[in-house]
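As written, the chains take the letters A, B and C, and residue 1 is the first residue of each chain.
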Amino acid sequence: MKLKVSDLTIARGGIPVLEGLSFALDSGQALVLRGPNGSGKTTLLRTVAGLQPAVLGRIDVPPESLVYAGHADGIKPTLSVAENLKFWAEVFGNKDYSHAIDAFKLAPLADRPAGALSAGQKRRLGLARLLVTGRTIWVLDEPTVSLDAEAVALFATAVRGHLAAGGLALIATHIDLGLSEAQVLDVGGYRAKPLAENDFDGAFL
Amino acid sequence: MIALLLRDIRLAMRAGGGFGLGVSFFLIVVVLVPFGVGPQSVLLAKIAPGMLWLGALLACLLSLDRILALDWEDGSLDLLATSPLPMEGVVSVKALAHWVTTGLPLVAVTPVLGLLLSLPEAGYKWLIISLFVGTPALSVIGTFGAALTVGLKRGGLLLSLLVLPLYVPTLIFGAEVARRGADGFDTTTPLLMLAGITCGTIALLPFASAAVLRVNLR
Amino acid sequence: MNLNALWEYANPKKFIQTTDRVLPWFAGLAAVTLVGGLIWGFFFTPADYRQGSTVKIIYLHVPSALMAINAWLMMLVTSLVWIVRRHHVSALAARAAAPVGMVMTVIALLTGAIWGQPMWGTWWAWDPRLTSFLILFLFYLGYIALWEAIENDDTAADLTSILCLVGSVFALLSRYAVNFWNQGLHQGASLSLDKEENVADVFWYPLLVCMAGFVFLFIALVLMRTRTEIRARRMRALLARERMGV
């Protein structure tokens, strides 16, 4: 299992934000993305997840191996916590979701409608979704927003367990997760320069 | 896929919006018709098939933006797009869920509303058949419209503007079946055309909807 | 002729340069043929023995109806080119043609109503052709509204192109549905709009000139509007660059 990004240029709203990005992750490795707001971390993650096309460069992801978690958790407020997890487990072709409930200490909340959860609890539910998918490459965008210290520790444990089991993680975050083994990539250094004349916008100049 | 279908149906039932709203709207439209055109049952019987079709179509239109907008807002669409489900499958299932929660109840209440508009006795069978055959097309076309406008802040009005012209053939053939049935004429040709449109849209339109949705997600 | 050379004009700069030279010719041709054709039609043709002088509205009605449909066909082709080859000029040309086509549809509907009043004693009848044009107008309306609603240029181009494709299929379906619908139970086709079939030569030649005039007018207007769209797009590209700090 390997995630490889080579010489990638990405754009947001038609305007290039990052260029010349290259990195590779092997099984058991994690990469933490850093950079100021608006530097293109979210765009990079969405591009890696295949939600938007890259302008230039290659992304090599083994098929059916990636799971993406964005700013929104995709939680249905009228379904209970357990029903939400069960749904995502079934979408990814799995049955069992109890380990995810345990990992994020959701057992006391399992039968509550997700709409009644606090922001931090919702986030925990959103992260628990990662465990039920059974996918090896986690692509996470600001996973720790609205989590308290205890929950961050739970999350770090989950990531560590995932890596130990041969998983990969690509995480954009501001805070220190205590993942000492993770590599860090500051995207600030890859800010895109204005494009050469041969791109499409350039053709209009 | 089945999980997604069950989830959508369950959501519609829990939120109360799916089943209830469309049917209530249909009822209100039908109740308002006699106020508009007068209470003579001869006149009502004449326009009943068309009015019932129009009412069902508008009730269907009302709930279209819910097909994708809620999933867009809470990020589910992003997650579904990166899940093993193909996008074409997602939009097809969404359309099916919309039909089960909106189209089917509309078909079910039509006989009662037909009474209110003094629909001729011969018309009931054909009206129900035509709605049963035609409403899936309304849901599938509506999903395409919902996919086009999913990212827009105030997409509701634009959605109607885009979808209504696409509803013209379905409405024409559907209402024609109901009208001919009520008047005791042969309904074969329009019914076959209606079924053809429904089958064609179910087979082809999900590809367009999925393409549009992918564009809107990027 | 080497067809590949055609794609060079998909470059915005090249397009602007070429149209700089071509546009005055089309505008001039449009003016000459339109003024000539209309004067010929209005003042130098005899009045029809049945319809009197009202028949002369044909010189506006038929060409505008022709262009209303051709504009949509052009949008369909340019949309396909955008989807397949992703040439921006193509998408912008589709965008530019839509309002022109819509205005042509309105002209055709209005002149039809004005013509219909003395002929049939009604401004509007649910004749299959009239109805089809009304539906075409609705399609134009939706297409333009979608362009206006979306901020990102490429997203808008993608979505409107797919809408144009799907819309074309449904427009065709509607046409057949409407034909079927009005031959149905209610009234037979009591009003036939098929004027072209038996138009005498004396009306036909000025009509041809007017049709040519509308074609040139359409081309000139679309070229002009495409140039505007290209420049607007260029402006946005420059602004975007400025924001990136160049």
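In the analysis below, a contact is a pair of C-beta atoms (placed from the backbone, for glycine too) under 8 Å apart; a residue touches a chain by one contact, two chains touch by 3 or more.
What you are looking at is a predicted structure, and each value in this text was computed from that prediction instead of being measured.
Engineer: Is the number of contacting C-beta pairs greater for B-C or for A-C?
Structural biologist: Greater number of contacting C-beta pairs: B-C.
Engineer: Using CA atom means as chain centres, which chain is nearest the centre of all the protein shown?
Structural biologist: Minimum centroid-to-centroid distance belongs to B.
Engineer: What's the chain with its C-alpha centre farthest out from chain B?
Structural biologist: Checked the centroid distances; the maximum from chain B is A.
Engineer: Just how far, in Å, is the C-alpha centre of chain B from the one of chain A?
Structural biologist: Roughly 37 Å separates the two chain centres.
Engineer: Provide the C-alpha centroid distance between chain B and chain C, rounded to the nearest whole angstrom.
Structural biologist: 32
Engineer: How many angstrom lie between the centres of chain A and chain C, each centre taken as the mean Cα position?
Structural biologist: So the centre of chain A lies 48 Å away from the centre of chain C.
Engineer: For chain B, give me the residues that contact two or more of the other chains.
Structural biologist: As it turns out, chain B has residues touching two or more other chains at 218.
Engineer: If we count contacts the way the header does, which residues on chain C are in touch with chain B in the complex?
Structural biologist: 135, 138-139, 141-142, 145-146, 149-150, 155, 158-159, 162-163, 165-167, 170-171, 173-174, 176-178, 180-181, 184-185
Engineer: Residue numbers of chain A touching chain C in their complex, please.
Structural biologist: Against chain C, chain A makes touches at 13-16, 192-194, 200-205.
Engineer: What residues on chain C touch chain A, complex-wise?
Structural biologist: Checking each residue of chain C against chain A gives 11-13, 88, 152-154, 230, 233-234, 237-238, 240-241, 243-244, 246.
Engineer: Could you list, by residue number, the parts of chain A that touch chain B in their complex?
Structural biologist: Residue positions touching the partner: 46, 49-53, 64, 66-76, 78-79, 83, 87-88, 90-93, 129, 133.
Engineer: Residues of chain B touching chain C in their complex?
Structural biologist: Residue list for chain B touching chain C: 144, 148-149, 151-152, 155, 158, 161-162, 164-166, 168-169, 172-173, 176, 179-180, 183, 185, 189-190, 193, 197, 205, 208, 211-212, 215-216, 218.
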